[in-house]
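Two complexes are shown next, each including subunit A; its partner changes from subunit B in the first to subunit C in the second.
Then we have the complex of A and B:
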């Protein structure tokens, strides 16, 4: 219900989605603790985009900030959704992988370093094709190396969402935090419509898309862990909640039997309804919310 | 895509700081300002839009009417309007002065 105080809170909140990738990453770290690795002045930019007539960005759309959260080490890796759709290329992929591997090295040396991935991405950068695919494989391998030591938390905040290869990275994370506005899916709505026809999935039907890929549904199905409001404070609290929880006893991607059973029990003769699916899956062994 | 360079030898006040603003998003640009390695100021522009070299020159000339620091400016542009370019330059100059 909208009340005077809820309107006041809404107006007073500091939006997270309106920040760019660098400001988002910095907002999660203790003030003054952030150091940027391979920043814009290091000019690690895509060599492939200019060859195809596309202006590059000096950080290749990937911001890596090492710092502290509540006094403890953490690395925040943010993809800039506004540059080439947050797509992952050779250079941005190498930055993500190297940052995760440094967190592994620090964790092995006794300084446990969780990673927070801010994923605003359509997946592999088409202009870099196989290099982008290789980058996704490398990122996944590095997440799997880090997650036994320290949690890897994926945050999907904005409306770009997290799709394609990078949705697999969200899938292998220890925790996934989403806003109501965010979407998570393997194939984006346009891709499904293009491949299977508009009767299968109408990419212009926004209500349908959010009912399937949206944060609320993903949390209700147990595909994501926490739902946060679009505010720096609320998102920061959600991340800290995951950090306190630590490495989960079992990762979502290890629950192969559960998901096999779930998919096996679906009746695909009729169109599956998102609300029904929530009732069917949300009530089984793994509920939404933090494990 | 098009690349171009301009130089402003009269802009010779030394600076020690750097500034980075903006994102190479549709209709936007990023601006990097660093201390110049040589005397005077230089501008290096990469833009995804062809054929606006004269417009870029006018915008940069106007900016350097008032800006007198010896800097290297790098711009990556994804089709920003001259007004947006000027605002980003002024924003970067402000960050530089902080």
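Then we have the complex of A and C:
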């Protein structure tokens, strides 16, 4: 219900989505604690884009900030959706993998260092094709290495969403936080329409897209953990909630028997109704939300 | 490079394991078998096309929901059964790869194929991290999310040196369209820019492959060539050092030192900066 105070809160809130990757990452860390690694002045940029007449960016669309959250070590890795659709190339991929590997090293030495991944990405950067695909495999491997020591939290705020190979990174994360505006899926709607036809997926049908990939649905299905409002405070609170929960006793991507059973019992003669699926899956063992 | 996806995969699975019968409880698109390799048994896995698949978007050899979870289930069982064994006794896991892509379907997105793919990648990586030697043998296509789901987490990647073998992020037509190029342009660029190329010999330049295997007849495995490929698998298993659990070997080799210079420079710089903070 809209009340005077809710309107006031809405107007007063500081939007997270409107921030760029660097400001998003900084907003999650204790003030004054953030140090950027391989920042824009280090000029680590894609060697492959200029060869194809595409302007590179001096941070390759990936921001890595090491700092503290509530006084404890953390690393925040943010993809910039406005540069090449947040796509993963050789350099941005190496930044993500290295940051995770260094968090593993610190964690093994006793300084537990969780990672927060801000994913706004369409997946592999096609101008770097095979090095992008290789990078995604390496990022997945590094998340899986860190996950037993410290939580790896994927935040999908919007508006690009998290698609392609990087959706597997969300899938192997300890926790996923989304806003209502955010989307999470392996194949974006346009790709499905292109590959399988408009009758399979109409990429102009926004209601359908959000009914399937949207944050609210993913949380209700138990495929993401927390739904946050588009505000710096609310998102920061969601991230801290996950950090306090710590390493989950079982990770979602390990629930093979549960999901195999669920998939096995689906009637797929027709398309699956997202609302019905929510009723089927949302109320069972997992209840959605944080495990 | 036109080739009927999955046919080769099935042929080599049968040639190496002696059977291509689907196990009870598995979808007809997944082959799993435990056969002896060198001194112990190994788990072989393969995804094949099933024109009757109840999910329409995986009928041509794509990797979908049931395929991903079936792969994950087999691997998880192997990990559990070998849990208390020392690393040297853990069974190798061999992924035979010939996959068109991930499934591009609405049913799949609705039911969370991203998580299914993640569960399979997780299982392969968990096996590797637990000390199982994990080897991928690429006999045909290894595309995009299909390869991330089935095979790309392996300790060692082996591929046939053949025009029918392709590793890539997206098939040529779609990649050309999205990057606004003609297919002719894309092919020309591929000759100059190895990560863009669809040729397996260019992929080999990236330092990601352990071995390119020459076989005379990739579509018709002969006894002599099956013996040769089996030996290559045995050698690759032996090559996985006991302490090795990660994918570092993919960027710490001479080829990567040349082709992946930029990524290696990033790693070096960040390690130094991280120390200083």
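Assume the second predicted complex is superposed on the first by the 291 of 291 C-alpha atoms of A that agree within 3 Å, B and C clash if a C-alpha of one lies under 4 Å from a C-alpha of the other, contacts with A are read in each partner's own complex, and residues count from 1 in each chain.
Keep this in mind: a residue touches a chain if its C-beta (ideal position, glycine included) is under 8 Å from a C-beta of that chain, and two chains touch if they have at least 3 such contacts.
Bear in mind the structure is a predicted one, so any value in this text is a computation, not a measurement.
Undergrad: Assess the superposed three-chain arrangement around subunit A: do subunit B and subunit C clash, or do they fit?
TA: Subunit B/subunit C on subunit A - fit side by side.
Undergrad: Quick check on the superposed pair: does A:82 touch subunit B, subunit C, both, or neither? Answer first, second, both or neither.
TA: first
Undergrad: Counting residues of subunit A touched by each partner, does subunit B or subunit C come out ahead?
TA: Of subunit B and subunit C, the partner in contact with more residues of subunit A is C.
Undergrad: Taking the superposition as given, does A:185 touch the first partner, subunit B, the second, subunit C, both, or neither?
TA: After superposition on chain A, A:185 lies in contact with subunit C alone.
Undergrad: Looking at the overlay, what does A:137 touch: subunit B (first), subunit C (second), both, or neither?
TA: second
Undergrad: Tell me which partner A:38 touches in the superposition: subunit B (first), subunit C (second), both or neither.
TA: A:38: touches subunit C, not subunit B.
Undergrad: Touching A:57 in the superposition: subunit B (first), subunit C (second), both, neither?
TA: first
Undergrad: Once you lay one complex on the other using chain A, what is the shortest C-alpha distance from subunit B to subunit C, in Å?
TA: 14
Undergrad: Using the superposition described at the top, list the residues of subunit A that contact subunit B and also contact subunit C.
TA: Overlap of subunit B and subunit C footprints on subunit A: empty.
Undergrad: Once bound in the complex, which stretches of subunit A touch subunit C?
TA: Interface residues on the subunit A side: 35, 37-38, 42, 44-48, 51-52, 64, 66, 90-91, 93-95, 97-99, 102, 124, 126-138, 140-141, 144-145, 164-165, 167-172, 184-187, 191-192, 194-196, 200-201, 212-213, 218, 221, 223, 251-257, 259-260, 262-264, 266, 268-269, 271-272, 274, 277.
Undergrad: Which of the residues in subunit B end up touching subunit A in this complex?
TA: Interface residues on subunit B, with respect to subunit A: 1, 18, 20, 23-26, 28, 30, 32, 34, 46-48, 74, 76-78.
Undergrad: Which residues of subunit C touch subunit A in the complex?
TA: Touch residues, subunit C against subunit A: 54-55, 57, 65-66, 69-70, 72-73, 76, 102, 104-119, 121-123, 125-126, 129, 144-145, 147-149, 152-153, 167-170, 174-175, 177-179, 189, 192-197, 203, 206, 208, 246-247, 250, 259-267, 269-271, 273-274, 277.
Undergrad: Could you please specify the touching residues of subunit A with respect to subunit B in the complex?
TA: That would be residues 20-21, 39-41, 50, 53-58, 61, 80, 82-84 of subunit A.
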